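Chain naming follows the written order as A, B, C, D, E and F, and within any one chain the residues start at number 1.
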């Protein structure tokens, strides 16, 4: 990470989450010059690789390798860097060491904003755990007394990206991001996820719906031509000098 | 209103509400070149003029005149225009005519954003009524079939400004506006409210608290020097191309 | 109402509600020397008099008369005064005149606390309307500009008494009142409601359950012998000098 | 309505709402032998007929006539009957007469379930008003004292169908209806809405998303082949003898 | 468990919870031919055996033995099988091994629905922990990558049964189960809990109240004769083809 | 602790929290004759000692010593006893041993009420953890089977004191404590916190705002002269015989 760059951080429970849920934001900010760094806490080897397991002659190492490859290809298309913590999934558990490891990423990256999962997800317990970890690591990285002398971080806003069944996760978007311009990149990244083809069209439709809603929230008199969108829920108040 | 100006609309239940609760936003956007227009639905003649009533020889007309004068002086200091619907308070009631009158203001002003009260206030039933009216009039003004042929409005974001006892009103700010630069104007406008001196220091402290919170939400490493703030709760998702 | 007495006000949508839902509180405070005044907005003639209607040869006047008699008998047993606004039920509607009439009751009674219905009730739209009216009338009665010169009221706490299906009404008791001592009076008052015998045992069980819960919330080591209780939800923070 | 038929009632604020939001439920139950009756409170002549207004030489009567025709065609395709209250939209207001008119529909239809709008919709104030009216009319129709002697209704479950921006309306589906079998009818009915073509694909995608979610909520091991779905939120607890 | 049977799973924090809270559902489904299997995570030896501890000459082993006996007797009366994880209570803690043990139960039982505690209980921290464990184990058991090759489970609905003080636990029943027919079995099972006689009548009254509410939610015109009920809150949307 | 004294317990995540957030309640109840005992779980050495760390020549032991001294001085001024668990902060983690240690404090102190943090705080994960620990330890201390034979505790009410950004923590005060009389002691205790001078005026303003709100909630007709206040949120219903 170049120190003069503006950076962003994405914390993804499984290696494909960042693509479906935040691929547009990643590509858009990369295009705007941000250094976007992704931490995949696991490969989703147990819980999100059903198709791979159904192939014959599989084991955990092979599943992980396949998933790593897909995630790296997707990150590259989106213009981001990616690292893998490999802490396991289904269930995901994070000890203090993992917490400090992620806090150290925060200090290194100095993100201007952070993206992670919804705070509740009754379908997937790894997702809220990832968000919780992202939040607590942010707090640790802000503390002068953690590795005293190191530069601390500011207070980057944190956003929840969209879960699979938004209403069941009590997730309500208060930000609609216009990703029309980078949709080709997002869809190309989505296509890297060979094991989850059933989700390609699902998340294309999600993007179209959020696009229609974004258009509606700027008003039909607006000249903005929004087709694809991504929804985000902010966890902290934003500080601004303008309300338009 | 000049058609080339960017405009904003403030809907205030009583003639002083816009000062305590949104005076900073008004002055700040006026300074940024916005035409800010204020609609006072009532003068607060019954419910918010206790000190005037305690003077001898008072009647409703005199109370209203005194309150109108204060509000006009305050609006002038803030750099805004103001009009008075005079629909009465304690209780406030809005019929269809009032609704259309406000819808017509929307069409005339073509606001880029709208400020009004919290949606709940167990201490004051006029406040939520004003917000409800502001929301419904916005919807009417968006409809092609209302006064067909007239230019409709877009979808301006709507914000709740801060009520007197925020937690009891279930009001949670998701925007902290930095009003440091225009604090002198806001405090001068506050001082126009001769009948409510007990609130001058109360709302100065509110501004200082929101300022500290704004500072904390940009982080202590930030170079932004925020001292005074105003909190707002947005009712609709915002549409953006950047998450910083 | 004697001016030196401490008073309380109960606003009941239908003529029997105050018995099932607040009979214990009424009897208890009456016994403590309070003047308790009950306003029945309607007789419940349409919606809560099924048994009377099923008798032959009935009309609205007869139903009202029967209901009035029951309510008066119950109020007498509980030690309270009662008046009937007779504004109709199913649907209940309150105009400004009714609002002012109730505000005037507030000014006359100068209550130290107020009891009414839950703020939501999907089974009964008259109940939330009654509570809304009770709240708005309280606000009117506080305003110096309403009938200027008359003594205004303070800020009496307002409580929601228990609806028929508490969880469906989003009602959560934060006060459990020990009514063990006055249970005989409450049950005697309940028995005045000849038309609704199916509810006698229901509300006896409610009282026993709230009693067990009250006992549990003081702890099994407590010497307080609580058997019957009533639950209340407070709408405003209480002001105190002691947290025990 | 044949007395031996099982019936259902749909209360639609504007003349097209029932198609987008409940067309699948209507067609499905019609196919199961239910008599489904639709009440359109308005034609959506002001607020939901933008395309018609943009045609030259239009007035309210012509807009209403065009909308009525579309709605009747759609209802016929879905296998339902429809009536129009024509109470106006943007703003919609319901007086006691309208309330009783709808209560009388309840008594005539004796519905086994009721469908209407979400209870909150910041984009459209007519929608919650319609649901409120549907709920209060149901309560009136249950009261022995309303038109005494007439047969009252039972306690039919009430469901909110899906609003345009579900999360912003605090709408959470707790029922996913499998409408795969009747999708062709729903899509044919959708195509009757000539003035709102931009919504055809939007609501096709909604149906596909709810279908995927329904499939996920029965589990991937299930043999049920669900493609299209509709989401509903129930307002009352259901009573059952089986939890599978 | 016979593979052709339809099965259900109950996860009970302490050895008596399943009786008070779900005894009706267990007996009813057993009678309908379901194989109902109960997992008691602990015996409630510390927190729910006050009466046993007050006997002289007691130790943890004896308390556990007495509680096991009671629970087995109750399960037998209800027609269910029961196993004891014995992971301790007050505080209850679940490690990965316990999680996998419960996931393995899911795979073995292949339940069509799951019953456990409310998600919040400020009076008892073991209860939400049990529900959390039940939910996470269900997710693990659904994952192809957990013990690859074993048959996974589908997506059985999960219900929270009724806590001791429902409103304080933010528990809202959306299902009312008619248990009238099996009440004799439930009450017989309740009587096995010799150490907690104070709760026998409490939960009898709970059953009667839920019965009255169930009756009210089907409507007084219904011919269903419901006397006893149990309330449940569903955690996932149900998938259906009929809304009656 | 004298056995005949009435006692209270405060559980503070970091060594200064009890001063800002509950200093008034501590001084007030001490003055009323309560024995108030404070448990500081950590010294806030990492997360809340920024100013100390910025001094040269610092290490964790020196930071802790300085913070201990400040906290002891403050507790003495407030009239309370204090003990330090020293379990570390940023992140705070509590094992079973800490839980039992706190449960033992409960049994020794036999508090009549308990004060701790808000249940949610997105700015500080140690705060909710402290409250959770305080709640679970209370439950353990109530159990006959925990250290059988020892005297158990009753059911002392638990209150959340005010977090730094109340609305963001979903904290809503339902109790406003009048601390006017002991404000000098609270402010003297605040001044012991040499490392956090920026918070002195912040929390003075908080006290003034809560004082104004308390005054407003007793009503302007009240003779009570309230200037300074503290807000609390109760976690359990209170049991009472009087509603004034």
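Some points to look at:
Following the convention adopted for this analysis, a contact is a pair of C-beta atoms (placed from the backbone, for glycine too) under 8 Å apart; a residue touches a chain by one contact, two chains touch by 3 or more.
Quick caveat: nothing in here was measured; it's all calculated off a predicted structure.
Note on connectivity: the fewest chain-to-chain touch steps from subunit D to subunit F number 2. By residue number, more than half of the contact pairs of A-D reappear in one of the listed pairs C-E, B-D or E-F, namely C-E.
Taken over every residue number at the interface, the positions common to subunit A and subunit F amount to under half, indicating a different-residue contact. Comparing the centres of all chains, each the average of its CA atoms, the largest separation from subunit C belongs to A. For the two copies, subunit E and subunit F, the CA superposition rotation is 120 degrees, given to the nearest 5.
In this assembly, the chain whose C-alpha centre lies farthest from subunit F is D. As a whole-number value, the distance joining the C-alpha centres of subunit B and subunit F reads 37 Å. Mean C-alpha position of subunit B lies 53 Å from that of subunit E.
Multi-chain contact residues of subunit C, defined as those touching 2 or more other chains: 50, 123, 142, 168, 173, 213, 216, 220, 231, 236-237.
Each chain pair that touches appears in this list: A-B, A-D, A-E, A-F, B-C, B-D, B-F, C-D, C-E, C-F, D-E, E-F. Looking at the complex, you find that subunit B touches subunit C at residues 45-47, 49-50, 53-54, 58, 60, 63, 90-91, 93, 122-125, 168.
Residue ranges of subunit A in contact with subunit F, taken from their complex: 96, 99, 135-136, 139-140, 143-146, 148, 235-237. Against subunit E, the residues of subunit D that register as touching in their complex are 6, 8, 25, 28-29, 32, 112-113, 115, 142, 152-157, 159, 173-178, 213-214, 216-222, 224, 226, 231-232, 234, 236-244. Subunit F meets subunit B in the complex at residues 50, 123, 164-168, 170-173, 202, 205-206, 208-209, 212-213, 216, 220, 231.
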